[in-house]
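You will see chain A twice below: alongside chain B first, and alongside chain C after that.
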Partner chain A sequence: MYRYDEIDREVLADRAAEFRAQCARRLAGEMTEDQFKPLRLMNGLYLQLHAYMLRIAIPYGLLSSAQLRKLADVARTYDRGYGHFTTRTNLQLHWIKLKDMPDILDELASVGLHAIQTSGNCIRNLTADPHAGATADEVDDPRIWAEVIRQWSTFHPEFSFLPRKFKMAVTAASADRAAIRVYDIGLRLHRDDEGALSFEVLVGGGLGRLPHLSPVIRDRLPVRHLLSYLQAILRVYNRHGRRDNIHKARIKILVASLGPVEFARQVEEEWSLTDKAAVDLPDTELARIRAAFAPQGFETLPAVSTPFEAAKSSSPAFARFARRNVLAHKQSGYALVNVSLKAIGETPGDCSSEQMEAIADIAELYSLDEVRVTYEQNLLLPHVKLDDVPAVHEALAAVGLATPNIALISDIIACPGLDYCALANARAIPIAQDIARRFADPAQAENIGELKIKISGCINACGHHHVGHIGILGVDKKGEEFYQLTLGGSAEDDAALGQVLGPALPADRVAPAIDHLVEVYLRERRTGERFIDTFRRAGLTAFKEAVYAQAH
Partner chain B sequence: MPKLIRWRDASAAWAEDPFTAVDDDQPLPRGEVILSFSRFQREGRALLDQGRHLGVRLAPDEAPEALVVDIPRLSVLAVSFPKFRDGRGYSIARVIRERLGFRHELRAVGDVLLEMAPSLIRCGFDAFEIADGTTPVQWAQAARRFRHVYQRAADGREPAFAERTAG
Partner chain C sequence: MKVLTANRLTDGEVVFWTGEAWSERFVDAGRYDNDAAAEAAEAHAKGQTTLLVDPYLIDVDEVAGGWAPVSYRERLRALGPTNKLDHGKQARGGEDIALLAHAHGAARSKGRVDLIRRK
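Up next, the complex of A and B:
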């Protein structure tokens, strides 16, 4: 993986020093909260319902063992001994004291971590395929390009005060595991018959109040022009995006109002006038970054592992874990091992310091020192020898991290909701916990199969409810928490926005409603159909009737 | 104390401002003036022909490209920031410097605050009508706070990737 050099480290040190001085002025009363607010937000520090929340960037979801250990240490020393991994692959600490912030930033900087651009109307921390560098279905390692974008977008002088926040996702795989169609810019790498790499550029996706799936605005962009083309997109948006209405300020509204064809024309015109050589990276720098992601440390192994097969035969629990959480690696004899942060009854995405340390140890021993964060709020060990999977399973189980439920009904995305967030209308966490407890039986969950439930506590959609197979949106009805259900959404290759099922339900009826929806699916499904396939074939009516029958 | 800070040769200093900013409905004073874009379109060329030193003030929704013909004759371009969070002026400045090749004073006006200093300078501004009572010393510190930058802009600073190649 990419390791920060002296320049990268000095950038972080300068940033930490700057914020230390700003905090000192605030704590000495030389600055009001109003004056301080934009400065702290630029360092990822939000004021929430009960305390300050610090959002730490995890660029393209990639962590080394040392970085994860440091996060565990910071969470224990300065917070309550746990953190919350988000749908943007960041880590949030929800009980931070302002006086500790300068020291926290120094601690983070010591391992190449920071909270830069995790807030504000700037280019936010970007996400990438969590299987990068490990999956056979990719044409290149997308982390190379994610790192290129990370550097270019850091403290970009022109794009630090955009109309609204700006998020990008990049993948190089045929299967979309980065939700690229719901991002402001989604990038998908292609390789042509001659081996040349290019980007398919999608612009104007997003969730929130006005959800959009992004259109393609350029089919094939030669990769060497990535940064000049991004500059052109951002410049058109910065100059012409709406600033009169916060709800219409995202680039999706500009693209939708101009139409993708006209938007693309404006970008191409801007790009044609751009001095590309001044913006695009020279080959030497691209080669330097590419070298940092070259595969290292893999052994030549047979495709079939005797210890792995033996463990599957002897232990049903391990066999289930292997079926649900372990995926094929592009390297023979290796596997990707998903670490579910969705233990039944726990808060989705939460991870204790002890658990982080355990994962860091496991990664160091068994996964070439790497951990990934997925937008589905789980972690992933990308490079585990099949021979070692039984030991990894045992080590994970010892700290409550071997839940075999990846992509199943209890693998629920949930935002922090009204338990923490000042914007929320309703709680999300207890709803997720209710549903997970109801489907706690792993055999039943496996029989139901892939079913993605996504819960947001408000219309801002941090829990991606629009693109859940079942989406759940918290709404406020005269001071009471209600929940609007949508069906049929997806953030993957079959991306779609969900359809509203019917009137919103009170909290105690949500988990029973999920029961009814699952019953309809199990009754109606044909061989090989997932929940979403049955829904798409059979339509909304049967599901709706099952949930609202008692009301009539 | 004048409220104009000038950035030149990597240092900041107070500067006298010989230009008068003129509203659209105000009678034209003598001397050097800064006009709105629309007033410049009506009266500017005649004034330039008289030998007046002129500046033009662009609102964030006005395109600097429309000035391409007149730019060689202008002494100042002022770009307004109605609120500091309105970042259109940064793009406008880069177009003025890098695309239209304007070499004279490029002035930030409006809600111009110290925390904008690094971005303003990087995007090509070299004069600031400050709104927050800060000083040239503070502006110089803010401008030098980061030893490295990651991208080329209008200030000529070498980005990290060039430092790496050189170093």
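Up next, the complex of A and C:
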């Protein structure tokens, strides 16, 4: 993976020192809260309901063992010994003290971590396919391009005060595991018959109050022009984005109001006036970054592993884990091992310091020192030898991290909601816990198959509810927590926004409603259909009746 | 009835104005039945910029055994998160915490007076 060089390290040290001085001035009363707030936000520090919350960037979801150990250490020393992984693959600590922040930033900087690009109207920390460098279905390693964009966008002076925040996602695979259609810019790499790489550029996706799936505005952009083209997109947005209305300030509104064709035309026009050579990355620099992601340390192994096969036949629990959480690697004899942060009854995305340390140890021993964070709030060990999967499973089980439920009904995305978030209307976590408990039986969950439930505590949609197979949105009805269900959404290749099922339900009716929806699916499904397939074929009515007939 | 609350600058802890000092416990909060007095207290708190972030008034109501914030959001601020009962103020336990945790009645999540939603 990419290691920060001297320049990166200096930038981080400077940043930490600058914030130390700013904190001191605030505490001494030399700055008002209004003056200080934008500065603390630029360093990832939010004020939530019970305390400050620190959002730490995990660029494109990639962590080394040393970095994960440091996160564990910071969470234990300065917080309550746990952290919460988010849908933007960042880590949030919910009990931070302002007076500790300068030391925390120093600690993070010592392993190349920081909170830059986690807040404000800038280009945010970007996300990428968590299977990068390990999956057979990719045409290049998307981390290379994610790192290029990270370096270009960090503190970019022209794009530090955009009309609104700006999020990007990158993939190089045929399957979309980075939700590229729900972000301001989605990039998908293609390789043509001659081997040339190009980007499919999607612009104007986003969830929140006015959800949009992004249209393609450029079909094939030669990769060498990535940065100049991104600059052209951002210039058009910076110029015409709706700064007058916070609800209309995201680029999705601009793209929707101009139409993708006109938006694309304006970008092309801007781009044609750009001195591309001055902006695009020199080949030498690209080669340097590419080298950092060259495959390293893989052994030549047979495709079939005797210990792995033996463990599957001797242990049904391991066999289930292998079916649900273990995926084929592009390298023969290796596997990707998903680590579910959705143990039944626990908070989705939460991970204790002990668990982080255990995963760091496992990654160091068995996964070439790498861990990934997925937008579905799980972790992933990308490079595990099949021979080692039984040992990895055992080590994960010892710390409660071997739940075999990836992509199943209990693998629920939930934002912090009203338990922590100052913007929330309703709680999200207890709803997720209720549903997971109801479907705790792994055989039942496996019989139901792939079913993605996504919960947000307010319309800001950090929990991606619009694109859940079942989406759940917390709303405030006369001061009580209510939940609006949507069906049929997806953030993947079949991306779609969900349809509202009916009137919002009180909290205690949500898990029973999920039960009814699942009953309809099990009754109606045809061979090979997932929940969402049955919904798309059969339509809303049967599902609606099942929930609302029971609700009275 | 109103109560004045804020977050403490140094650590973000939720605090309540007793009438003389800031307390971490809701049970210690002074109650105002007079809007002018409440607003005067709020204005005074807004001047305590090295101590507090964002002081504001909340509505409180009588419940069985005492008083509780009207809004569910403010009850959570006075207690802590419901997914981790060993975190936040509720971890300390006691009668005042039990009263808040079991308070029924019309919880209005917009219980903050003059709520301005900020980013």
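Following the convention adopted for this analysis, the second predicted complex is superposed on the first by the 550 of 552 C-alpha atoms of A that agree within 3 Å, B and C clash if a C-alpha of one lies under 4 Å from a C-alpha of the other, contacts with A are read in each partner's own complex, and residues count from 1 in each chain.
What we mean here is this: a residue touches a chain if its C-beta (ideal position, glycine included) is under 8 Å from a C-beta of that chain, and two chains touch if they have at least 3 such contacts.
Bear in mind the structure is a predicted one, so any value in this text is a computation, not a measurement.
Asker: Please indicate which partner A:Asp14 is in contact with in the superposed arrangement: first for chain B, second for chain C, both, or neither.
Answerer: A:Asp14: touches chain B, not chain C.
Asker: According to the stated criteria, A:Phe298 is in contact with first (chain B), second (chain C), both, or neither; which is it?
Answerer: Neither chain B nor chain C is touched by A:Phe298.
Asker: Touching A:Tyr4 in the superposition: chain B (first), chain C (second), both, neither?
Answerer: neither
Asker: Kindly classify A:Leu273 by the partners it touches after superposition: chain B alone (first), chain C alone (second), both, or neither?
Answerer: After superposing on A, A:Leu273 lies in contact with chain B but is clear of chain C.
Asker: If you stack the two complexes on chain A, which partner ends up touching A:Tyr548: first (chain B), second (chain C), both, or neither?
Answerer: Touch partners of A:Tyr548: none, neither chain B nor chain C.
Asker: Considering only the touch criterion stated at the top, classify A:Thr347 as touching first (chain B), second (chain C), both, or neither.
Answerer: A:Thr347: touches chain C, not chain B.
Asker: Once the complexes are superposed, what residues of chain A are shared between the chain B interface and the chain C interface?
Answerer: Common interface on chain A, chain B vs chain C: nothing in common.
Asker: Going by the contact rule set out above, which residues of chain A touch chain C in the complex?
Answerer: 26-29, 32-33, 47-52, 80, 94-99, 246, 347, 418-420, 423-427, 429-430, 433, 476, 478-481
Asker: In the complex, go through chain B and note every residue touching chain A.
Answerer: 84-88, 90-92, 94, 98-99, 115, 118-119, 122-123, 145-153, 160-165
Asker: In their complex, what parts of chain C are in touch with chain A?
Answerer: Residues 7, 9-14, 49-50, 53-54, 70-73, 76-77, 80-84, 87-88, 106-111, 117, 119 of chain C touch chain A in their complex.
Asker: For a test of understanding, state which residues of chain A touch chain B in their complex under the given definition.
Answerer: Result: residues 5, 7-8, 10-11, 14-15, 17-18, 38-39, 121, 151-162, 227, 235, 238-239, 243, 273, 275, 278-279, 281-282, 284-285, 288 of chain A touch chain B.
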